[in-house]
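Both of the next two complexes hold chain A, though its partner changes from chain B to chain C.
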Partner chain A sequence: MFQVIEPRPAPVPTRGPAVWLRRNLFSSPFNSVLTVVTGALVAFSLFNLARFVLVDASWGQVWANMKLFGVYRYPADLLWRPLSVAAGLMLLLGAMAGVGGRGSITANAFFAFQGFVAVLSVVAVLFWPSVRLLWPLVLVAGFAGYLLGRAWPRVAKVLPWAWALWFALGLMLLYGVTPGSGLLRIVPSRDWGGFLLTLVLFTGIIPSFPLGVALALGRQSKLPAIKYFCIGFIEVVRGAPLIMWLFIASLLLPLLLDVDANSLPAVMRAYVAITLFSAAYMAENVRGGLQAVPRGQGEAARALGLSAWQTTYLIVLPQALRAVIPAIVGQAIGLFKDTSLVFIVGLADFFRVADIVSVQPQSLQVTGGVKLEVFLFIAVVYFFFAYRMSVASRQLERQLGVGVR
Partner chain B sequence: MTEAATSTVVRADAPPGGQKIIEMEGVNKWFGDFHVLRDIYLSVNKGEVVVVIGPSGSGKSTLIRCINRLEEHQQGRIIVDGVELTDDVRAIDRVRRETGMVFQSFNLFPHLTVLENITLAPIRVRKWKKSQAEERAMFFLEKVGIPEQARKYPGQLSGGQQQRVAIARSLTMGPKVMLFDEPTSALDPEVIGEVLDVMVTLAKEGMTMIVVTHEMGFAREVGDRVVFMDAGQIVEVGPPEHFFQNPREARTRAFLSKIL
Partner chain C sequence: MTTSTVPAPTADPRIPFWRNVKTIGVIAQVAFVLLIVAGIGVLVNNVTTALARANLPADFSFLGQRAGIPIAETPIRYTVTDSYARALLIGFLNTLKVAVVGVVFASLIGVLVGVMRLSTNWLVRTIATVYVELLRNIPLAVQIVFWYAAILLPFPPRINNPVALPGGLLLSNVGLAVPWVYPTYRFGAWVPWLVGALVLAVVAAIWRRRWLARRDEVGRVWPYPLLAFVVVAGVGYAVASLDRAPTADLNVDFVADRGRGTVYRQTEAGREPVPFVPVRVRLESAQLRATSQNLVESRERVGSTVRFPLLRESEAESFEIAFADPDAAAASGYRLHFDRFPSVATVYVDRNGNDAFDRGEEFDPDTGVGYNGVEVVMTVTGFERVVVSDRDGQVRTPLFTAPAGETAAAEAATPTPGRRFSAFGPAAAQAGGTAELEATTEVLGVGPLVLSGTSIPVSNYEGGARFTVNYLALLLALVIYTSAFIGEIVRGGIQAVHRGQREAAMALGLSGYQTFSLVVFPQALRIILPPVISQYLNLTKNSSLAVLAGYAELFVIASVISNQTGAAIPIALILIGSYLAISLAFSIVLNNVNARLALVER
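Showing the complex of A and B:
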């Protein structure tokens, strides 16, 4: 005869470090041996690394060249300019974080960067007289932005415009306005360098995004002229390495625009190459997303009377871009590191500065050289930024997953 | 039911006296070499409910998808509410504004809430104010029985609820004609009833409907005419009683014996 079975609680799994160890590391004699051997090797290497980092390494040269790592030959009396741009960046990032609120993705990213700025501010106050006031100002700008966003969430509406303005004004401020020797004098882009240049080139990902979306949509166009132009552009650009496009841009761009090679800033030429290169890859990522949106979505939108353009930007694109966020962030991380290739056209980005520092006369006087120290240092900085992007992307994916399908 | 005397083509003309809102005259369509619609003559009066049945691949879905130009016909004329469907994009948009469509796979927009799904087209196409659009949306959500789901995303709803949202989405645009493309085929059996109930109510209120379906109970209850299609042709047409009790064509009888 039928009887209702009352629900019973699930069995409680046995927990604790001992259980975990036995299950994961010592589940069989062979695994135990493997664990011990691997553990010994890792411990041995880590010990050696720690000994080098803490005892044997001479960090003096890294410390002494912080300005080169930061901005390279950018004039010392004009450091307020890049730092104002940084302050603007933190202000806007802070405002976004404030609007999002504690725990939001932008807030998490903002506080990570704010921590980075805080460390630099402390160091600047203690050791770097020329930027003693400026770094704390960047920190303050960040907090001000955050408070602004918290107090007045409607600021979110103007943020896209503020970002665009920051982008344009920032580049103008970095480059300068007037010839001569004033506060706003032009700094030739050959003097930009270090982490500043790496970040400037990395912002090439921003214009490459709308370009990539346009190329991806163009590739699906019914008009043959647009379609084949887009396919041709994408395939040609992807068909050669970035390093070659950097070369070509620095020689070809002046020719295409029919101007003297030296009248176009070197950074601008590299920037154009990086942006277009990134756009081609972006287009292919976005195309993957477009193909992932079911046909029925567009049909339903058209059946409701939405125009082709409305259907694309209200229905298809939002879903397509959501599907390819991981790929786009992956591309951003890749591009962040690929900016190091600009050394080939004579620019001194963060990576190239490491090389320059390691062959300075003072560096060569250090027994054993300082190559390892210098490259360990830049590795840590690259890692911080790349890893932070990857964390943000994971959080974004998780957040967008809510309530979707 | 009338039949052209000079040809074997079956004409599914609307009963005389009514006001014709859809007219298909000699429509032909091919997918590549495949002749999917063959000499279709079908017209529908205002307020009529026409049920289209037939085996899969017979062209039923393609037929109604031609009416709002989701598919392009290559020969013949299709006139919807006085507007002929041609390559003219403005004419197509005008027809689509007046024609609601409900799909087998719902096709709700997963990135928008239920309310946003419904108000999107009224706001963007009809240029209504947001408040007005939301008011109308809530009216139709109540009509289909799920006003409490307005703030949820489609992914959080059952299939039956999603399809009812899709119906409300179409109705909010205030269409003159509703096209249903197998609206219950993707649903679990126990929720088919809730969607059919909404459709029956709609039919009884006088909405002009063309329904592609396998639900013979629905056809019998509210269908004014049943159209049987096979291999891209209209094989037989008539009122449901005639159709289910006394079908004339052997092909119709074979099909009905399989599904009843």
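Showing the complex of A and C:
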């Protein structure tokens, strides 16, 4: 006999926008109320923000002072110098990205920065005659580096040396060679400023790296004199805020070295303070990596007959540093944000320029001032770079499996 | 089988001493120490010669000198005649003030954000993510200036038109005033009761804990001891307030037309001001004058506005407000519109004839600016206000003048039109001229505590607790910045609790809230606390950015002193010492917490 089977009810859809909405926004009465209330709040705030940004705000002062934001008082006819340094930076970043290959973390970060450069290039071509050709050149340098890296992956071996060369040549190019006038005339560092200075100070992370590694190794040393000196340095420096060290450095460095205060430019004092401060934090990060390397690694190396130096340099450090790359990127983000504190020694970095612009006579003529506009602008720029680095740091963490245990 | 004997590794005499690891270590250390000592010696020598050449102080003796630094916000009494040491102490206390309050609020918001990050609701989750990512990636310095210069300075209205929040809170671009409870001169009578209550609560807690342990029961320790504390303290308060009448030796010398007086007690040594005494001030009839002005407020142009000191409608029997020169006002067609009766009004001309104020009518159509310099007089009858003396025993009221017509001097001294803040400054006092303004004052009875309300007698807050806009901006920025970091730590901690814990709790029938608060969160706390404490330390260190908000904390005051005296070295040592002490305190707390958590662990 046959028994008629009742038709089954249609399967409940498990995908589609309606399901997504129900699951993520209206899963329970409480959640529905929450969605409606927060949704209204968000809509209200976004509407107000959009109205301010698009209607009420007066962006004229921000737009008119782009050169100040970029390089402050760096002579307009010498803008090719900072921009060639930027081109070198993008070339090297591009080479790194090219070696990493498409879709790698470095490539993703590189293309984000390249996008930033592309936007600036378009703006430069359209509106800024003095750097009309220079910004596109930076863009081209980036792509050239990328292609170079793709074509010859072996370029990775010379990259560390290339970075060191870029660092030295870049500073020389920014500062200049000959006194007087001319293409390579000296631009005193008191004329440096804006985003240029922020980036220059940010490079303090480069010298802080070897210093930090040395401090970390010293802290692990069996020799008490070295060990306690390193512990003391690290803990004292980390115990007080950077702004205090900047202040103290600007006051005490000329006294400590017994030189005339004018012969030691503020940029140099701030740079020293930032580097030493960063080195102390770097040392703690590296120490974390050193402690994560199993003891057996070092012991095995010694058993194989490697010297103490070789063990450290060839076996322990490479493993330790690999593990702490995300932490170092995190520290770099912190340092990038902290460069804004150099206002305390009278430097006009990106942050300070915002303040300078907001008290210009033209700014004060605007009803209510332009503080909100100016600080929103620099917040967006800071955010772009810091956020891009933090994304890279998170990807690195995932790749190295540090966060997963 | 033979066993080969390995010689014990003794120091081999054939190894020359210069290749012995131990010797090398000692030599290296000696060399290192010598190098450091030599380096420090050179630096010290440099510093001493440089200081001597520049004739700058190199010891701490300057600390006793008169500082002369005005500080807007002082938790303890401070005047410009106090010493540098006291100024530094104020700075340290101000650092603690912002750090402690900041830590509390950052924790609350941080936990909220961390929980929101894990919400099942997509919208809530996304908001929390955006919050965290946005705030972590913008420099704190930018955020402080943003809150201070871009939001808190321009947006809240001026002090003479504050936002009155519920509960007697006043907010303006000067800051926030909050009604506050202060201990009075009768507080001493309550102290024994408080001590007794505390002892009782501690004893009860110990007893309760033992009782629970003996019966092997799970229960809460604290409800009963807390109840005991509240009951005993409450009874004590009632007993201490039985005698509320003011003591006979309390006097107040209130001068009505100067709007100020002092509550004092006459002693052999002279007058001694008495803080926190309520005084009722009554004026039968008095006048206030104000002149219309044009200004920019909350980023907008405000025209023809008339601002009297803040008066509440309940404070007087009647308010009569009229133009000082009615004929001229009528000729110009001026009318008055009250934005807030009776204190804030707008002068306008009813151009469209609808007998009401419309936006735009406060501006002159020809010039585009408001009607500046129109004088308005407010006559108050039966004004009565209870003022609590401040910590210097001062009592203040608005600067009333005697009603016009009583004296000719008041007429003669009418302030010139266009003068700003005529009712707020000396001009009003001058307007009163020689006229005696009659005021009756009465010192009121009080218990151990008194609630000090907020008011704006002249151009700043009086009474209650006052938080400057500088403090608020710094606090806001620090709290919001730190809460983003704490939120991430909380999220990580909650996620690190094993799924099974949650599932088991749900299986046992606990509600979602119970599962979270009784099972998941306590376990997450173990992971959360250590990094959160280091965030607290970061918040405290970050408060040194106060200079951006103009808040006088330790670093700001230290840098001002350093600039004034040139004592760079002693100031640097004091700063480093203070911050190291704070760091040390935090690491002691952290070690304690870690030890406790380790005990809790299985």
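The working rule: the second predicted complex is superposed on the first by the 385 of 405 C-alpha atoms of A that agree within 3 Å, B and C clash if a C-alpha of one lies under 4 Å from a C-alpha of the other, contacts with A are read in each partner's own complex, and residues count from 1 in each chain.
Assume contacts are C-beta pairs under 8 Å (C-beta built on N, C-alpha and C of every residue); 3 or more make two chains touch, one makes a residue touch a chain.
Just so you know, these numbers come straight off a predicted model, no measurement behind them.
Asker: Please work out whether A:Leu314 is in contact with chain B alone, chain C alone, both, or neither, and reply first, second, both or neither.
Answerer: first
Asker: Which holds for A:Tyr382: it touches chain B only (first), chain C only (second), both, or neither?
Answerer: A:Tyr382: touches chain C, not chain B.
Asker: Name the contact category of A:Arg322: first (chain B only), second (chain C only), both, or neither.
Answerer: first
Asker: Quick one: classify A:Ala303 as touching chain B (first), chain C (second), both or neither.
Answerer: The answer is first: A:Ala303 touches chain B but not chain C.
Asker: Could you tell me if A:Ser181 is touching chain B, chain C, both of them or neither one (first, second, both, neither)?
Answerer: After superposing on A, A:Ser181 lies clear of both chain B and chain C.
Asker: Using the superposition described at the top, determine whether chain B or chain C touches more residues of chain A.
Answerer: The partner making contact with more of chain A's residues is C.
Asker: Which residues, counting only chain B, touch chain A once they are in their complex?
Answerer: Against chain A, chain B makes touches at 68, 70, 93, 96-97, 99-101, 103, 105, 107-111, 120-121, 124-125, 152-156, 166, 169-170, 173.
Asker: Which part of chain A faces chain B closely enough to touch in the complex?
Answerer: Its residues touching chain B are 294, 296-297, 299-307, 310, 314-315, 318-319, 322, 403-405.
Asker: Flag every residue of chain C that touches chain A in the complex, lowest number first.
Answerer: Touch list, chain C to chain A: 25, 28-30, 32-33, 36, 43, 46-47, 49-51, 120-124, 127, 133-134, 136-143, 145-146, 149-151, 154, 296, 298-301, 541-542, 544-545, 547-548, 555, 559, 562, 568-569, 572, 575-576, 579-580, 582-584.
Asker: Spell out the residues on chain A that touch chain C in their complex, using ranges where they run on.
Answerer: Chain A reaches chain C through residues 24-25, 27, 31, 34-35, 38-39, 42, 222-226, 229, 235-236, 238-241, 243-244, 247-248, 251-252, 254-258, 333, 337-338, 340-341, 343-344, 351, 354-355, 358, 367-369, 371-372, 375-376, 378-379, 382-383, 386-387, 390.
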